[in-house]
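Take a look at the structures below.
Two complexes, one shared chain (subunit A), two partners (subunit B, subunit C).
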Partner chain A sequence: MKTATEERVVDLSTGSVRELNHALHQLRHTDGAAHWHVREPRGAHSVACGLTVPVHVEVDGPTGYYCAGMNQVATVILHGNTGTGVAENMMSGFVHVKGNASQSAGATGQGGLLVIDGNAGARCGISMKGIDIVVKGSVGHMSAFMAQAGNLVVCGDAGEALGDSIYEARIFVRGKVADLGSDCIEKEMRDEHRSLLADLLARANVDYSPGEFRRYGSARKLYNFKTEHSGHY
Partner chain B sequence: MNPSQNPGLRESATFDRSVIHEIQRAAETGIYNIRGWGAKRALPHFDDLVLLGASMSRYPLEGYRERCATDVVLGTRFAKIPIHLKIPITIAGMSFGALSAHAKEALGRGATTVGTSTTTGDGGMTQEERGHSELLVYQYLPSRYGMNPDDLRKADAIEIVLGQGAKPGGGGMLLGSKISDRVAAMRTLPMGIDQRSACRHPDWTGPDDLAIKIEELREITDWEKPIYVKFGAARPYYDTALAVKAGADVIVVDGMQGGTGASQEVFLEHVGIPTLPALRQAVEALQELGMHRKVQLIVSGGIRSGADVAKALAMGADAVSIGTAALIALGCNSPKLEAEYEKIGSSAGFYTDYQKGNDPAGITTQDKALESRLDPILGGERLANYLRVLTLEAQTIARACGKSHVLNLDREDLAALTIEAAAMAKVPLAGTSWVPGASGPL
Partner chain C sequence: MCGIVGLFLKTTRLENQLGLHFSRMLATMASRGPDSSGIAVYGNPASSGSLKVTLQHPMEDFDWSVVAENLSRRFSRLPVVRVISTHAVFTLAAREDEVRALLEKMHPDVTIMSVGTNIEIMKEVGTPESVIARFKVERMTGTHAIGHTRMATESAVTTQGSHPFSTGFDLCLVHNGSLSNHSRLRENLRREGIIFRTDNDSEVAAGYLTSHIRNGETLSSALTHALDDLDGFYTFTVGTSDGFAVLRDRIACKPAILAETDDYVAMASEYRALAVLPGISEAKLWEPEPATVYSWRRTP
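Up next is the complex of A and B:
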């Protein structure tokens, strides 16, 4: 690992992910907003996962599974495509993918903001529990499956079974929706939703107007087991 | 008329009174039966095995004086900090939500008193159980309810749950009557819903992905924590081999007799395989990979006595895990509460409606008044006593078999009483050298 005066540079063609993560985990809140640059990730898994301090990490190149997983307060910028489960179970902070993301992006995330400049694969926002996700492109099938809380904003199109078995999360889609999953319906876009969406779009640096989006959420008909639901399960 | 007084009345074996009741209940309500506990049907089990005490060719140890160690270390494969247990009996994962906070505290107290671990469940880690559990295993479940990296770091081990023996392939279930404010908040769910836990993990599928997931968990915890992989017994030979390949430190196999807080009865009685063959298949997989005792094996599902513990260890397990038995030790189904059980249409020894939240013993409830009936300190003492008895019983048997450590018990110390058990456990039928289904030397 090389150490620069103002930022630390880690080259994963010579260093290991284990060394990188261990070094990042040794940082303390009192260390200030340290700036780290990771080069040559070459699709490595678990890059910059489990961060707990407000460090700024930039990764140049494609990353594998679970990049920035379980992030807390850190900012992670990915200059490239990323694999399955980027920012999975994120608690807080900011993760920005400046390429495409594979499946399960932001899965089970509980807080923070995940922005994906390109497309996201299947199951984007699956079981999300409070995270905000803004996808500037499209999302794959089963996105927001069993989504509990938080907001999924899709500026492009959404694949099949959007929001299947959704709880209280909100989905905003600007493009086409292939079809909706069980218990997911289109809902009225009220002022409170337009305001919320405007804020999310601004934070993600997206120029679209909230008026271009449609809102989807839970019909709340499957919240309790009833015999007449057998055809929906 | 009392049917037993009239030999002319013959009950159908196919449509007995329980079957008739279930058909009529289904016809009236239009929904499948949901209950707690595990399979109630008779299954081949450890009762169908016996241990062969020492005789002319074996040298026993003195029953109460000569040393017979019971400690076990879990997570020696990759974890920087393995778990050291004083006894080979752990407390299985049970959620706060399914159980009351007092029950979780009592489990932690009892386990800690005797030097063993307890385990979280769906819904995350509570302060009560972390505070009272010296060794706490944190379950990493498909639902990820309450999943928090800070709790992950606080845990002493991580158990990735693929399923449970009561319902392999099925997700958890917590009915609205048990979703209190606190439970709802921990799970980020609305109050009062019939909550379904996901049946599969949201961000990995298959053993190749699991290997990467395990690596992520190790990275987040700096490779300190032992990582268990738990699955319900369905295809334990392959599941064990794949979990080993994926990098597990410890395998947890939960047989069909394993309990649950709530599930469809059709699941409990008809899905999965019993603990006996599941254990044997898991051990075979480890042995064939040369990983037996290197990747530790915990088995659960119907463990009740020190004899069950000894038999499980003799078959190759490194430790056992108990759930239903631990709740019974706390007071579940106690005859002392018979009047209370009658009030809710049940009886001591028959109460399995854990899903309703009306548990008179205050264990499987979120009702504060009912919960107050369970003293967590006294409950902890009762559990500790029970765990001590299990340990002493297992030691007694091990000594009689000439073993100075309970883990020295061996398949050679076992015989089967039934053809089914002999085939499932691959243990000779007592008085013979016959192992049904064995094609070569044992």
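Up next is the complex of A and C:
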């Protein structure tokens, strides 16, 4: 039985990810949540996936694919770069990457906050469904592709085809946008957006002012098929 | 899914340990490609005027002395032969086209894996671990090496369908991905005289580069044209006599990560394969951009 004050250290050079994740999943049967420290991940996949209790997990070193995927309520701090699909399908909680993230960061995420201190690769926030993502660096091409809900904040630049086929998510970019994808347009920044963005920036511990950002979203022209838009598909 | 690894040494410091570090990288990629595996290692060059020809025969107890005698009759000197499992590296003073013509005529059951002054390609069906053991990769020395672990999607699991593919003198290609227009491209390239031995899509990419380089293009230019002509998903790593190159398609779904230190440039499908390298925690790490040719050459 773990208590809230106990810290447990797991060294993945001697233990397996399966053992780590199994132990983390067992926490649902306890009353309290512990502070966990994972050492020597060496790029392993699926570290700290599927967490369902408010545990605090810190990972020292680079992680592989789908790290902190399907997270619910837990806090996962990654001290290093991370691979494809970090925090994919996150439901709630907080995932903080203190390095760069590879492609599809926060993919299909439904809730919670993902903060990336460095850059994110291609397709950041692809098909996001309610997650908030704050990237302190830049994002790659096709970011927020088919994004449905939530907020993507990019403090650096955005790559090609930003927000392609976007539904109702909001995108805020401080730097340059290489180009906008189909049905993605720049939109007016109103007070409600400035207030929302100020809150997200504060939660991500970023000092930029909301006034430095531009807002992008859906033109809502691709919701229904029209023959004159067939070229956009 | 397939795995790619490449290790290119910028200095002589790790040359004696090339095989050791490279085989650790390759073994790590077993989960991306357990069905066959192959390597191209560059080093220990043939003396001026000589060639290194790496040959393969399906039988491990094949009598290579017959091939050596036939070559010596034609080229008047006995080649130096180093047999490694199903492969044999012949070093001989001869012209590439003459060697190819003789082998095709007298030993059609022998496959030419590579021809060059530096390159040796070895590949077989089996896990990376079994291929590393078979060819004693850990003991290999040299300047750079490229490897592939295959999970077949487009064609049969055979030695011929394994990577790397030779794309010309001292050149080779490994591929992670799948090409959708390989059938038509293969037919076009066949008309130009490129010979294909399998239905494999990656062999078509290799043939495409061979054709463009034969027509006088630089490797970099051939890769740039590939962006327009090859339809599909790919991360390519290409080996050259004194360097290597990396190219991802415009969508860049297929992973790639690069690491650089004072001693080496390393490329892998996943960071896990780089984690085994010395000094990796201080290395510069980045993902290659889509549709961008990256290349390195060793300056003498």
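Rule of thumb we're sticking to: the second predicted complex is superposed on the first by the 225 of 233 C-alpha atoms of A that agree within 3 Å, B and C clash if a C-alpha of one lies under 4 Å from a C-alpha of the other, contacts with A are read in each partner's own complex, and residues count from 1 in each chain.
Just so it is clear, contacts are C-beta pairs under 8 Å (C-beta built on N, C-alpha and C of every residue); 3 or more make two chains touch, one makes a residue touch a chain.
All of these numbers come straight from a predicted model, not from anything done at the bench.
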| item | value |
| --- | --- |
| Which of subunit B and subunit C A:102 touches, first, second, both or neither | second |
| First, second, both or neither for A:56, with subunit B first and subunit C second | neither |
| Which of subunit B and subunit C A:141 touches, first, second, both or neither | second |
| Touched partner set for A:121, first subunit B, second subunit C, both or neither | second |
| Partner chain(s) touched by A:84 [first = subunit B, second = subunit C, both, neither] | both |
| Touching partner for A:44 - first (subunit B), second (subunit C), both, neither | second |
| First (subunit B), second (subunit C), both or neither touched by A:64 | both |
| Common ground on subunit A, meaning residues reached by subunit C in one complex and by subunit B in the other | 64-65, 84, 103 |
| Residue ranges of subunit A touching subunit B (in the complex, touch as defined) | 17-18, 21-22, 25, 45-46, 49-50, 52, 64-66, 69-70, 72, 84-85, 88-89, 91, 103-104, 107-108, 110, 123, 126-127, 129-130, 145-146, 148-149, 165, 167-168, 223-227 |
| Subunit A-touching residues of subunit C, taken from the complex the two chains share | 251-253, 255, 257, 270-275, 285-287, 290 |
| Subunit A-facing residues of subunit B, complex | 29-31, 34, 143-144, 147-150, 152, 175-176, 187-190, 192-194, 196, 198, 202-204, 209, 212-213, 215-216, 219-223 |
| Complex contact set, residues of subunit A against subunit C | 42-44, 62, 64-65, 81, 83-84, 100, 102-103, 121-122, 140-141 |
